[in-house]
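The structure's right below; bear with me while I get my questions together.
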Amino acid sequence: MTSVDFSTTLGNAWFASPVFTASGCASSGRELAQFFPLRDIGGVVTKSVMSRPRTGRPTPRMAETPSGMLNSIGLQGPGIDAFIAKDIPYLIEEKARIIVSIAGETIEEYSTVARKLRSVAGISAIEVNISCPNVENRGLVFACDPDASRRVIDGVKRTVGGELPIIAKLSPDVTDLVSIARGVVDAGADALALINTVLGMAINLETMRPYLAGKTGGLSGPAIKPIAIRAVYQVHEALPKIPILGMGGIATAKDALEMIVAGASGVSIGTASFSNPTALITIATELKELLATKGFASLRDAIGFAHRSGQVD
Amino acid sequence: MTQINRNAVAIHAPIISNKRVGQYNQLIIDIGDLSRLCKPGNFVAIKLGGQSSNMILRRAFAISRTSSSATFGGTMELIVAPYGQGSTWLCAQSEGVVLDLILPLGTAFGIPTEPVKVLLVGGGYGSAPLFGLAEVLYARGCRVDMLLGASTGAKIYAPMEGKRSVNSLRIHTEDGSMGQMGRVTDPIGALINDLDIGVIYSCGPMAMLAAIDAITKDSNVLHQCAVEEAMACGVGICMTCVVPVTDGTGAVSMLRSCIDGPVMDGARVAWDKVGKTL
Amino acid sequence: MTSVDFSTTLGNAWFASPVFTASGCASSGRELAQFFPLRDIGGVVTKSVMSRPRTGRPTPRMAETPSGMLNSIGLQGPGIDAFIAKDIPYLIEEKARIIVSIAGETIEEYSTVARKLRSVAGISAIEVNISCPNVENRGLVFACDPDASRRVIDGVKRTVGGELPIIAKLSPDVTDLVSIARGVVDAGADALALINTVLGMAINLETMRPYLAGKTGGLSGPAIKPIAIRAVYQVHEALPKIPILGMGGIATAKDALEMIVAGASGVSIGTASFSNPTALITIATELKELLATKGFASLRDAIGFAHRSGQVD
Amino acid sequence: MTQINRNAVAIHAPIISNKRVGQYNQLIIDIGDLSRLCKPGNFVAIKLGGQSSNMILRRAFAISRTSSSATFGGTMELIVAPYGQGSTWLCAQSEGVVLDLILPLGTAFGIPTEPVKVLLVGGGYGSAPLFGLAEVLYARGCRVDMLLGASTGAKIYAPMEGKRSVNSLRIHTEDGSMGQMGRVTDPIGALINDLDIGVIYSCGPMAMLAAIDAITKDSNVLHQCAVEEAMACGVGICMTCVVPVTDGTGAVSMLRSCIDGPVMDGARVAWDKVGKTL
């Protein structure tokens, strides 16, 4: 056992471990609980929940790509009421720390969902997934529109008040990620989640059509790790005081450490759990050892270290 | 709410043999005592391509049969069609290679408590789990008739020893190169009447399953089918593998075929909505 | 030998094969010529040349990533005068078809380089690499700025006149690729090259600093293929009449066909040549066979086929 | 303008043996007649990780020695440090595995036409090509002294049979676990005088090469060094592997170490500009 202080904070929320699930990659938590106790990880980031139940996109919803995969789930889910009634109590019973991811099709929907969560006990933070099409603006993804992103976060912040930290989850598919990040922070985001999937497509040469029923899908997995590391590095450089939950292709403890020294205060593990359901535990255990090997007394010392470590020039 | 197969574990297990059978490979893998927990219909998720693989997802394979022997604690058989990158890699692995597996996964075929007359229908490598199933049904005293189809004869998987538990075996190929020419679903209607079938068990392409449902829909024949949707995780956490299923009230919801399936009640699958927006 | 008509056009330029090198991935052509005759491929897209010689970025200039690589060469090159004096005559002697890629730090520099090329014989097209930092606008990459992209292409078009086709090479690192594409087409681009590398970073855990001396680098290789396919599909859907030179992660004939049915009139092979110097030949040979197998009488019939092929719905 | 090694070809060749030697693996590969075209200093670029590899680039390895035998047409030896994903994979491959190679690549050490006194300096696996070089120099009648260094004893590669072509062998380790404690460059100044050295041949980390240059700069000793920059292609088409080199007039340009190197004239490398913006 190493003596590294492994704890981290996102806004005013404290977590014993910096390793979290990624939204949409752990379902309700029950399935992973068969492989490890949910209280052993930093926390469960739940799949993005909307105001009403959703059946999501037709199948095929996935296609594998080199060192990555495309998905187009379309935010299938039970809706916020059923979620609060069934999923939250289960996670509390399992003593899991909970970050609830919320989504919406309108600015108003985000606030509606957030309002229902305000009075629910046992939640540590709200992650706001703004990578959704805005039905009020030609389906333009909120996270790709600086103004819409700000307004979503502003609405959620006003609804939730100052207590629950708000984590704004951004899309990398933008020209100027730093300015989007600045905008949502100005609007009240306490932390940022980087990155959501990258828009991609694969063609099925048997059918000669896009593989996914939804045509385009979100690219995740190791293929996007360099994009994620760059995003975290750039945003941490511009906004060094804002905690970042880093994700995108993390599959090993080394990947997690790369993300942390680039500027992340915690990491989410998504696609890696699909092939290795105990990935979170392996990564956390090895990350702790790796931090010790590299001479860090605490996780905190490693956050953003790549920006500070001795430049040879 | 359905849960992931409660016996599921991740293990490393060696290949004991790998033989070419027609256009398929038959792999025998030493899984020890776990073999007793694998039921016909369950599947295994396998990591492919080795340590530095660019394939980041497991592939699902139906557990064709299990057995226990004196030499090995227990083994399972897989029937693999070398098709794309992953299955081609798997078929090229030789005896002794250790595979990274999660098993058993998914639901199993329901076994009737009393002997009934059953028809097993398999398309392509879909026949694989039917032989293990036939053994169990036959042991229960069921009359077991089997119907296998494929585009061509080399894609029919019907091992000699498998036929022991089968009262009759009919083969249909689209090109007529083996058995009758035509689709495997063509004779089903007649067979139900002639053989007085109570349950159909099926495994194969979704179109085949849907065609069987169209035949059994307005009859008393039960239809247990193993569906096959593209699966990213196999353990219920990704929501890629969903199939539209109706509940008692007629409402359709998207259920995960990896944990609510692969074996499902054919009558409850909303076949007309597969691959469509609900 | 199949009888598929393998020829393609980019603007008014005709090529016997749709398989080209990618700019910066074939050096001057001499090195690949040791592995196959340059006249056997669609054409050589030369590395982006600027007005003056450049030494480029310090090393390390590369880092491998899962199914991809990062590079930060910094447009090392001999400058347009030496290029015209030495490289063009060599390629002409080898009977290679030539697409010259040009770059600049200012809008003026692009025109200057284009002006020198105007009177050079033996060139089939000019590819304008606008993924360069604009020194006159805080280093903002031209291709990320709709206005600057348009002005570069407009300047080059005016300089070159109507004869040589102009191919505008775009960056995927933008919020709205289609609008950038529309802009450069309005400004006179005859064709588009999609995509340039994706901005990424890798951290060296030995030094705890970014691997590349230039910190960020361009991600290429199979990892970005889904992003490239999506880009080509989207742009072809919006601008079906504009020929696209598709690239990004193409390593096999199947990859090339995916790109073509998504909407590309030709493909450039970049990173794949690094591990397989004869990749262009293998891909071209197998692509021709694959087209025949799939029942296409000509390459032209396959271009954008994924947009037309029978929808099951 | 420099050209890629004109003998370079892409081949598939089997591993004949793979042995652990200290912290290295010694691989012998059957390359047939190509072995005659490989000169000390040349390298080979190898594809790693198999068909479905997530490693898309080849790795370069110095050709340590070549030989021809009755059994095999011709072989080459590589000395590989299992370090990251690629080299670990390579070291795990067993006899019979067929590798995908491009070779020979790069420049070779210049061999003096008359016998001179030479000092060969190697750091870590950098000593690998020096034994093959020693054989050639020794056969030319040169007096060959060798100096090897590493952080620790297990990282010294100095095979028994290699010593046959060497008049003296000195070892320096930073932790003192083998030979003298200290850096391999510490004794060079003295050795040049004591042994009346005319040419230094070196291979190892860039910092070691730079340190040797600092010693030889103001002397008459020639310095032929094999540089090592990260290489994406190995055949001159990517421009990742550049080293700053001065021409006659003092102008510095970035030359590709895969085709203008790896062996370069140490005096022409602008060591203070390596890894810096020019």
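When the chains are written out, they are named A, B, C and D in that same order, and each has its own residue count from 1.
Here is the rule we go by: a contact is a pair of C-beta atoms (placed from the backbone, for glycine too) under 8 Å apart; a residue touches a chain by one contact, two chains touch by 3 or more.
Everything numeric in this text was worked out from a predicted model, so none of it was measured.
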_Third chains touching both chain D and chain A_ = B, C
*Starting from the mean Cα coordinates of chain A and chain B, work out the distance between those two points in Å.*
36
*Centroid distance [mean C-alpha coordinates] between chain C and chain B, Å*: 46
*How far is the middle of chain B from the middle of chain D, if each middle is the mean of its Cα atoms, in Å?*
55
*Could you say which residues in chain C touch two or more other chains, in rising order?*
66-68, 221-222, 312
*asked:* By the touch rule stated above, which residues of chain B touch at least two different other chains?
replied: 54-55, 275-276
*Pairwise touch network: line, ring, star, complete, or other*: complete
_For a test of understanding, state which residues of chain A touch chain B in their complex under the given definition._
24-28, 30-32, 34-35, 47, 55-64, 66-69, 71, 73, 76, 86, 213, 221-222, 251, 271-278
*For the chain B and chain C complex, residues of the former touching the latter*: 54, 275-276
*Can you check the complex and tell me which residues of chain C touch chain A?*
65-68, 70, 144, 173-176, 198-203, 205, 207-210, 215-216, 219, 221-227, 229-230, 233-234, 249, 254, 257-258, 261-262, 294, 305-306, 309, 311-312
_Touching residues of chain D toward chain B in the complex: what are they?_
48-55, 85-86, 89
*Enumerate the contact residues on chain C facing chain B in the complex.*
66-67, 222, 312-313
